[in-house]
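Pasting the structures here.
What follows is chain A paired twice: with chain B in the first complex and chain C in the second.
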Partner chain A sequence: MRSDFTDSAMAVSGAFIRASVYAMLALPAILVIVSSFTSGDTMKFPPRGFSLRWYQKAVENELFMSALWTSTYVAVLVAIIALVTGFAGAFAINRFSFPGKTFVQGLAFSPLIVPAVVLGIGLLQLFAWLDLTQTIYPLLLGHLVLAIPYVVRTILASLTLHDRVLEEAAMNLRATPLQVIRRITLPLILPGLLSAAIFAFVTSFGNATVSVFLTYGGNVTLPVQIFAYVDTSYDPLVAAVSSIMIVVTLVVIWAIERLIGAERVA
Partner chain B sequence: MLASSKEYENMEDTAQDVGDLVVQLQSVSRHYGETVAVANVSLDARRGELVCLLGPSGCGKTTTLRMVAGFVEPTSGTISINSINMTHQPPYRRDTGMVFQSYALFPHMTVAENIAFGLENLKWPRAERESRVKEMLKLVELSHLAQRVPSQLSGGQQQRIALARALAMRPAVLLLDEPFSNLDAQLRVRMREELREVIRGVNVTTLFVTHDQEEALTMSDRIVVMNSGQVEQVGTPGEIYEAPATPFVAKFIGWCSLLQGTVGADGTFASIAGLRLAGKWGVGPGTAVIRPEQIKLATDGAAGQSLSARVVQSHYYGAATRLVLDVDGERLTMQERFPFGRHPTHGDLLSITINTNEIRILPSTPAKS
Partner chain C sequence: MKRRAFLKFVAAAGTSAVAAPYVEAQSKKFSGITLRVNGFGGAWDEALVKSVAVPLEEKYGLKTQFIAGTESADFVKLVANRNNPPYDLFMADSAWMVELVKAGIIEEIKAPDVPNIKRILPGFREYGDYGVPFNVASIIPVYNSKYIKRPLTSYSDIARADLAGRAVIPAPTLDANSLYLLGLAEENGGSISDMEPAYKLLEAAKPNIVALAQTTVSELQMFQNEEAYAGIFTDGRAYELRSKGAPIETVVPSKGVYAITSYINVVKGMKYPEAAYAFSEQLLSDEGMLGIPRAIRYGGTTDVRLPEDIRKDLLFNSPERNALKKKIDWEKWIADHGARIERVNKIIRS
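Let's turn to the complex of A and B:
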């Protein structure tokens, strides 16, 4: 009887805690999205009236739209490159023993330890020295440094759980190592690749701390642009831009799922 | 079918046995650092023969099979398939078809795609591939499951598909790694009979790994008994059972009793504890191998040769009861069918006779560990 009571008390408090965590995760985004539809001139919750005027302003705003484009294509490129290099790295760590393996493994995870600001300053100096500051490469390479650890970790976890006997079976059925990877390994760790790609995209798309050091005149990313804007004004335009950003993120996640998911059927 | 011209150039290495020897291992060893998994194993399988590698877990039988498949490279020795040296060829260049212990069906492909996988890699034309898949499904009587995925199949069905997939490529050798260990007892016996029938039907040379002596005895043409990386004995099931070469083989096959002792000048065996068996064996120290069926309950007429035995353990198996007896200080195992309600229990005294004509005494060999 007593344990029944404890059980249900635990269950109820568990559900409550879960609900609060989800609420705290989702509320900021909901708040921003809701207040972006205001017809007033200040960001307020609950919003006054309903209009799409701030969305119209956002779409007409050259700075924000070019920043959105920059962010999107950098993030897509980062996701693709990080997926390829991250898979190669994870595969090597998982399959082979080579001198310095522990070092490589540690190196792949080190950007998770170094504070983003420190990384940003360091990369800025590096790219200045390489004379690359007026190009897109600092942004791209900086984001890759941030994204690859996530990709390596996620794919490494998938590879560890992957049943190697299936690869042996494929090899016994006359598949060459490349065919084994293409027809057995990759399709079977697909869920891992999928989340790795999403991790990489989101890491790049939402990053401001490192990006702020690596952008230049023509190539400002959206988070950096939002920061710059909020510095001087606080109108619902940022809310509308942020909402657009959330939508783009969701669309890309959906697209990645469809894209990689579709290959599975073929 | 598989060998390139380059591989044919290596033929002279093994030229002395062209023709009927499909698989040939010559002094094959595999070391893992200090550990010796397989030590100096030589064996061969003739065309259409079913050879079984039998031994306890860790005896090196699976490592040997994996060396034939190409997943493990031998530390020394040579492996030939169809008289072509394959020792250092990767798995995908070897003409073998393997059924894995876990079956290893590809979960993201249908049954038909699984069977077609090897044929695609061998670049069979589409039409031939499709008809071969149909043929194989018919062979294992699972044509209606062609479009299912492996997770929808029972263990027995998965095993048959794995067999169909391996045989589809018409490999020179079929390799089976403990194929029945994941099936329950009844299904195991049925699948055993089915598998043997299919293998006989296609007449494929087969290497088969098991730790189950019953499986080995019923399925094989020849058995290779292995122990701690070495071959203990090679022979037909009859030879292995009736004429074990070493105490290990005797102990591993069947429930026999092993008695240490000496054969005296009159040919009588005396065990260490004092049990005496009259016979005509060669003089010297040795081990007597006594099978359960060589011990019978004494009939009234044979009172002179009967021995007194006390029941130590009694195990009821339905068709028979297995008894562990104490006879003159030695433990002997016998098997007998008792009438219902008359099973001996612990402490009962029985009168038994031992058929000494069939008992073998293995001479002690100096220190073979």
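Let's turn to the complex of A and C:
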């Protein structure tokens, strides 16, 4: 009886904590989205009236739209490159023993412990020395450095958890190592790859701290554009642009899931 | 056609024919050139596009690209890329001008190159021939007249007992916005070299202070949401609140106003100095000078005649008001940055 009560109390408090955590995670985005539909001139919650005029302004704003495009293609490139390099790194760490393995593993996770500002300034200095600051490479590399730890960690977990018996069976049937990776390993860890790609995309798409130092030739990312905008203006246009950014992120996540289809292999 | 009319016609046609190539050449003088300028973002850049970039393109075919970012990051980018600068023109406020001059990455701009420099008001160009000042933002006391019935009149009024738990001041990390500390010092017998009176007053104001605002946006929100009734803010942002219906009044302290100036600089090693001078000239013209005041009510720096609807909202709007602008030793102010932060934090957090 006593234990029943304790179980119920634990279940209720667990549900409450879960609900609170989810609410805290989602509320800022919800508030921004709701505020963006205001018909007034100030960003306030609850909003005054309902209007789509700030969305119209956002879509007509060339600076924000070109920044959205820059952010999107950089994030897509980062997701693809991070997935390839991250998979290679994670595979090597998971499957092979080699001198300095611990060091390589530490190196793959090290960007997480370096403050983003320091990373941004460091990369800026490096690429200035290489005379490449007016190209996309600094921004791409900066975002890759930030994304790779998440990608490696996610893929490493998938590689560790999946059953290797199937790989061994394929090898017994004379499949080449490449065939095993392509036809057995990759399909088995597809949900992990999917998560890693999403992590990489989101990390790149939302980054402002590193991007602010590495934007090139007038190509500014959306978070930097928003950051600069609020420094001199604070109106619901920012909320509308931020909402578009949230929608783009959700659409990309949805599209990746639909195209690659985690449930297909589940 | 009579003889006289015929001669007039011929003369006009001849003059037009001779002048046309010259006018055409002038209109295409900078065609194919794009000036890259670090942007401050939002309404600021929009105002400069309208009042400077668009007229320049119409007149000379000169294009301007504003690249949004933060002033600090843009400065770091400029220093890191001395040999291949990412900007041709660099916008910086008074505080960053110290660093730009020290770093040796900007050129001097002289009146023969930019004749409108002669129109700059006395005391508004703080760095000799470096930089062209084009806008000024004042750091002043403000209050919500719905809740504060007795108007504030000075920086020191921030310590008034009726503001208990309702005042917000900028964080000391922001060099420009924390100029009010200098106001507190000088209003109470101190100086930039003797800030003790300011700290003493801040000690007295401590019960009033609900927050040290790290950004102007957070401060704006506090006023908008009526979490704060009084504080220190910029005149332009106070106007923004007022224009959106918040009853925020700005104060003009009679002992002097502390303001920060925005400059345009020609970056060393940029390829088109003539185009940069044309940009500066347009910026200081009547049309260029009124762009930002019209949009966001930060003040101008020249003798431009202010239209009444703008004049009434600007702080520096007459010779008497202009005379209130305090001279600031920016180098000393920047040098004391660390000590100031430490002291203010100690007072507020003790």
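Descriptive notes on the structure:
By definition in this document, the second predicted complex is superposed on the first by the 259 of 266 C-alpha atoms of A that agree within 3 Å, B and C clash if a C-alpha of one lies under 4 Å from a C-alpha of the other, contacts with A are read in each partner's own complex, and residues count from 1 in each chain.
We take it that a contact is a pair of C-beta atoms (placed from the backbone, for glycine too) under 8 Å apart; a residue touches a chain by one contact, two chains touch by 3 or more.
What you see is a predicted model; the values in this text were computed from it and never measured.
For the composite obtained by overlaying on chain A, chain B and chain C can both be accommodated side by side without a clash.
By the document's definition of touching, of the two partners only chain B reaches A:184; chain C does not. Of the two partner chains, neither chain B nor chain C is touched by A:18.
In the overlay built on the shared chain, the residue A:48 is in contact with neither chain B nor chain C.
Of the two partner chains placed around the shared chain by superposition, neither chain B nor chain C is touched by A:101. With chain A as vertex, the superposed Cα centres of chain B and chain C define an angle of 160 degrees, given in steps of 10. In the superposition on chain A, A:172 makes contact with chain B only, while chain C stays out of contact range.
Which of chain B and chain C touches more residues of chain A: that partner is C. Touch criterion met: A:231 reaches chain C, while chain B stays clear of it. Taking every C-alpha of chain B against every C-alpha of chain C after the fit on chain A, the minimum distance is 49 Å. Shared interface residues of chain A (contacting chain B in one complex, chain C in the other): none.
Residues 40-42, 44, 63, 67, 120-121, 124-125, 128, 131, 133-134, 212-213, 215-218, 220, 224-225, 227-234 of chain A touch chain C in their complex.
Against chain A, the residues of chain B that register as touching in their complex are 2, 69-71, 90-92, 96-98, 100, 102, 104-108, 117-118, 121-122, 165-166, 169. Chain contact summary for the complex, chain A toward chain B: residues 163, 165-166, 168-176, 179, 183-184, 187-188, 264. Touching chain A in their complex are the following residues of chain C: 36, 39-45, 65, 67-70, 73, 76-77, 80-81, 83-84, 86, 215-217, 220-221, 224, 240, 244-245, 296.
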